[in-house]
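In the two complexes that follow, subunit A is the common piece, with subunit B as its partner first and subunit C second.
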Partner chain A sequence: MTHRAYSVSEHLFLAAAVISGLLTVAVFCFLFLFGLPLLQSGQLTDLLFSPWAPAKGLYGIYPMLKTSLLLALLSMAIAFPISLGCSFIITSLAPVRLRGFLLAVIRVMTGIPTVVYSFAALFLLVPLMRNLIGHGTGMTILTATPVLAMVIAPTMILFFVNSFTRVSTAYTLATDALGGSETQKLLYVILPQAWPGVVNGVLLGFGRAMGDTMVSLMLAGNSIGVPESVTESARTLTAHIALVMAFDFDSMEFKSVFVCGLFLYILTAVLMMLFRMSTAYFSGRK
Partner chain B sequence: MRKLFEDCITILSWFAGLLLITALLFLVAYLVYRGGSSLNVSLIFGETAALDALLLKRQVFDGIFPAIAGTLLLIIGSMFIAIPVGIAGGIYMAEYCSGAIKSLFNLLFDILAGVPSIIIGLAGLLLTIFLNRHFQGQIATCLLVSCLSLALLVLPYLIRTTQTALETVDPVIRKTAPVLGASRLQNITLVLLPNAISDIISGIMLATGRCAEDTAVIMLTGAVATAGVPHSIFGQYEALPFYIYYISSQYNGPDELAQGFGAAIILLILCTGLLISALWIQRRLTTMLLYR
Partner chain C sequence: MRKTIYSVSLSLLTATLLLFFASWSLASDDLSSFAEQKGVLRIAGGTAHIPVMKEAAKQIINFNPKIQISIAGGGSGLGIKQAGEGMVDIGNAGRKASEKEINKYNLKLLKWAVDGVGTVVHPKNNVQSLTSAQLQDIYSGKVNNWNEVGGVNREINLYTRDEASGTRKVFWKKALAKGDISVKANVVVSNGAMKTAVAGDPFAIGFVSVGHIDSSVTPLTLDGVTPTLDTVRSGEYKVSRGLYSLTKGEASGLSKLFLDFIMSPTGQKIVADKGFIPVR
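Now for the complex of A and B:
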């Protein structure tokens, strides 16, 4: 093939891709530049592990970090078994007609706005939790957990189903021919073959759980102390960013928002790299 | 023992599925139960006559018309920016890019797709502050900033769907036109794009749904509780998701709350409607375009 000059539209294609790539980097640079004063002021470990006490000049994001991780892990603990069960049903346990219907319902669930989930839960779950705990507003980590689980489950299910159906039919047909039941096929043939896909689904689900704003903002109560138990009101990293408008734009509180943002950005980047590495590793091994 | 274990797994799987579907049905039923009665013309237009409101002759004060208008303007504005860039970027990724550059871009777009939306909103806010400081202009958060931020939010989805749609075109179809003497660009515009159009359109609809539902981005970039229908792209605006969030914390009395539930139902219908039509188009449009 001969080298020839690209036409105008081909240059535009290139420009679009380069601009989009640069914007991704630009978001990081913006966060870094605005968060720099706080990063310079103290050691990084101080920032990550000290409490939030503006009176003492401490702007550590540890309380938000702990809440985010706690909430994400708890909702993963609920969403993971449910997603695995649902993907089992959709892959092979249910009658064929029901499978397609269930898959369509799960797909539509991914499009339900999180603000709608949270709005309904605010009037369903919060009064319930208030009565159960017996004190406080009822907005706690535990209130947000099942809602967040419901938000991340569809994504994980779609990913699991996708990796289950990619298992070679040579294996599944062989199991059928040997007289294996559907459950045996799932447990001893499909799952051992498709578990890299399960790992990737979990990575994505965890990323979504850490990154969701509306559920924790509306249901977890947003108080800024370090949560001692799951029945306490607490603030996540994303909710802290969402409340940025309440701070004075020159204050250290405002700058702490960018440290939260930087942390979330870096976490996403690391999760995505793990995701790519595991995909490459497992596809290379086959 | 093993049999017992297998039976348990089967039962638990069905239980998990049942739990999720029940939770979903319960949620929708609860929304309809609380907000169903408020679903009428006065929910949208309040006391104002519908025609006057639509022609912008009179302001709507006690209806959610400004919020619906704001959401529609947001969708139009952000898709107007994101679609050309996203599709052009996707074409470049699928047809021109290769090697290390391609995997670098792939990683960047994956990161951009995975970054929490609140961070995109924060970036929009920072852009506004930055412009304000350096150009001394009276630039505040506004519809334009929100549209730009939302466009950035959905850009990776558009690039990725376009790229995948083009890459999965049948290799036989892909190679025919160049053999007959078509240039690379002719092959893209006349053969590959028409073949991939249903996947691309369905990607666009998914991105539109994402624009309509996102609350985190707009709450940092200019959505406010009362603004009326925005008159320019430099004005603040109302939007459905933000209205729902606002009502949840600031409602006065059961009437406003019922309006909030009504707005939640409308947003739910809008988003799921877009998603269902995206799925439907993916299945139908291919046949329509190829055999007309």
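Now for the complex of A and C:
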């Protein structure tokens, strides 16, 4: 009886896994099919490296591609050290009572919609940046960066904390027995052990940073030029898709959105694979 | 005697009741067709239309709570597309749908208001008027400092709308004479967002539907004409357009009742109250 129940639930979960896996593939096929006319016309390099100027027949996504990568990398550079530090504090450095409280706060933060952060930043951060930069609108890549970092950090912290607490107590107890301090335990035992979890957290955070729409749409200014510095207004791939969506189905503008989606998809997939491969490589070598 | 008093008071009562009913039916005459209706009406598209749509919906829902009306933005392009694909019952557009779009989706257009698109700046900006040529140079990026047009020595912050916006299309065609819009221009996604952006940025220049202009932004005089209701109505201010609602095929059911209401005296009064020019 128990065996049968087990196999039923097993099949259910297997089906769920297969369906969600197939859905991902289906989305890729869908994007590919709709992007095909543009890709077939031999304009692939044009698309990648030309600017966006529909009036001149140019549907390039280079400015958006550059902005997306720049914004994701910058916010990652802020969010990663903060997340690592926060997870150190939550797992071992803070007083025990405070740890639970901090973790609860982080959990709440993961659930706050990004539009709320963006809206607050629109009224608080944008005027500040305008004064700091001294020219322009205050809606720049640099304005969106800390907000995006705040959006991705909680996810990363939760991931880091999980992987830290999963480190075998045999190791941590042994460190304690040897008289190691909390800091030594963190640096020499927990971090080397939890490293694949940290990489996975980074991966997830980067994926969120690339995929987030609202933050850059509301704060980065959305201008279609190629950004030459981080104090300039620019448009990410996701914001571009949101802005061009409203065109009618037959227009080239609308078709080019599928190519945008395709690149976003491929970019994230390749990054994920690279990270996974490197994790497998490093953990295999150990 | 007693009988007379009785009949007098009775007739008085009847008269009062009649008067009451008369006034009641006068006020809600345009709404009365919604009396026995129920259902859901979905509206989306042009963001200039939203204030009118919301007020109309409020009155209809207050009159008959069984009717649900959802109103979304998204821009003119989205309004035309979603109406054509049947995703909404009524799509709004701040521009005429193209021949291609009309034929493809069998769209029916109803123009219920005229609206101007005015150039706006921050209230603290001392530049109050521009010529068309200056405006075109500013938007193309040729002129990028306020001191070149008589203002302070600060960079001009350009704001424009997304490519599918009807407001942008009218502004581009009639105010910019189809000139270039600089790639450095910031893009916002609705009339409301444009107003918020310009109201918060002392060195901004943008454009919004005249119905959206309030004390938080200053309308610029263009070639000597200030965009106001009067100048748009008289045709003196040229940057104007019709506000349209679209349905797939002839409007029917709730959609028809809603559009009839917008065209009724009460509906057209809402149009005027919200800062647009009624068509009737």
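FYI, the second predicted complex is superposed on the first by the 231 of 286 C-alpha atoms of A that agree within 3 Å, B and C clash if a C-alpha of one lies under 4 Å from a C-alpha of the other, contacts with A are read in each partner's own complex, and residues count from 1 in each chain.
Here is the rule we use: contacts are C-beta pairs under 8 Å (C-beta built on N, C-alpha and C of every residue); 3 or more make two chains touch, one makes a residue touch a chain.
Source: prediction; values computed, not measured.
When both complexes are overlaid on chain A, the residue A:Phe88 reaches subunit B alone and has no touch with subunit C.
In the superposition on chain A, A:Ala17 contacts subunit B only, with no contact to subunit C.
Of the two partner chains placed by superposition, A:Pro196 touches none, neither subunit B nor subunit C.
Shared-chain residue A:Gly138: touches subunit C; no touch with subunit B. When both complexes are overlaid on chain A, the residue A:Gly180 reaches neither subunit B nor subunit C. In the superposed model, A:Ser233 lies in contact with subunit C only, and not with subunit B. For subunit A, the partner that touches more of its residues is B, with subunit B and subunit C as the two candidates.
Shared-chain residue A:Val108: touches subunit B; no touch with subunit C. Using the contact criterion defined above for the overlaid structures, shared-chain residue A:Pro51 touches subunit C, although it does not reach subunit B. Looking at the shared chain after the overlay, A:Met214 reaches subunit B, while subunit C stays out of its contact range. Overlap of the subunit B and subunit C interfaces on subunit A comprises residues 122-123, 242, 244-245, 249. In the complex of the two chains, the subunit A residues touching subunit B come out as 7, 9-10, 12-17, 19-21, 23-27, 30-31, 34, 81-86, 88-90, 93-94, 102, 104-105, 107-120, 122-124, 146, 150, 153, 181-184, 186-187, 204, 207, 210-214, 218, 238, 241-242, 244-245, 249, 257-258, 261, 264-265, 268-269, 271-273, 275-276. The part of subunit B that touches subunit A in the complex is made up of residues 6-7, 9-10, 12-17, 19-21, 23-24, 27, 30-31, 34, 84-86, 88-89, 91-93, 95-97, 104-112, 114-123, 125-127, 129-130, 152, 155-156, 159, 184-185, 206, 209, 212-213, 215-216, 219-220, 241, 244-245, 247-249, 260-261, 264, 267-268, 271-272, 274-276, 279. Taken in their complex, subunit A has these residues touching subunit C: 51, 53-54, 63, 122-123, 126-127, 130, 135-139, 217, 221-225, 232-233, 235, 242-250, 253.
Residue ranges on subunit C touching subunit A, taken from their complex, read 74-78, 80-81, 84, 100-101, 104, 154-155, 157, 159, 162-164, 182-189, 196-197, 200-201, 203-204.
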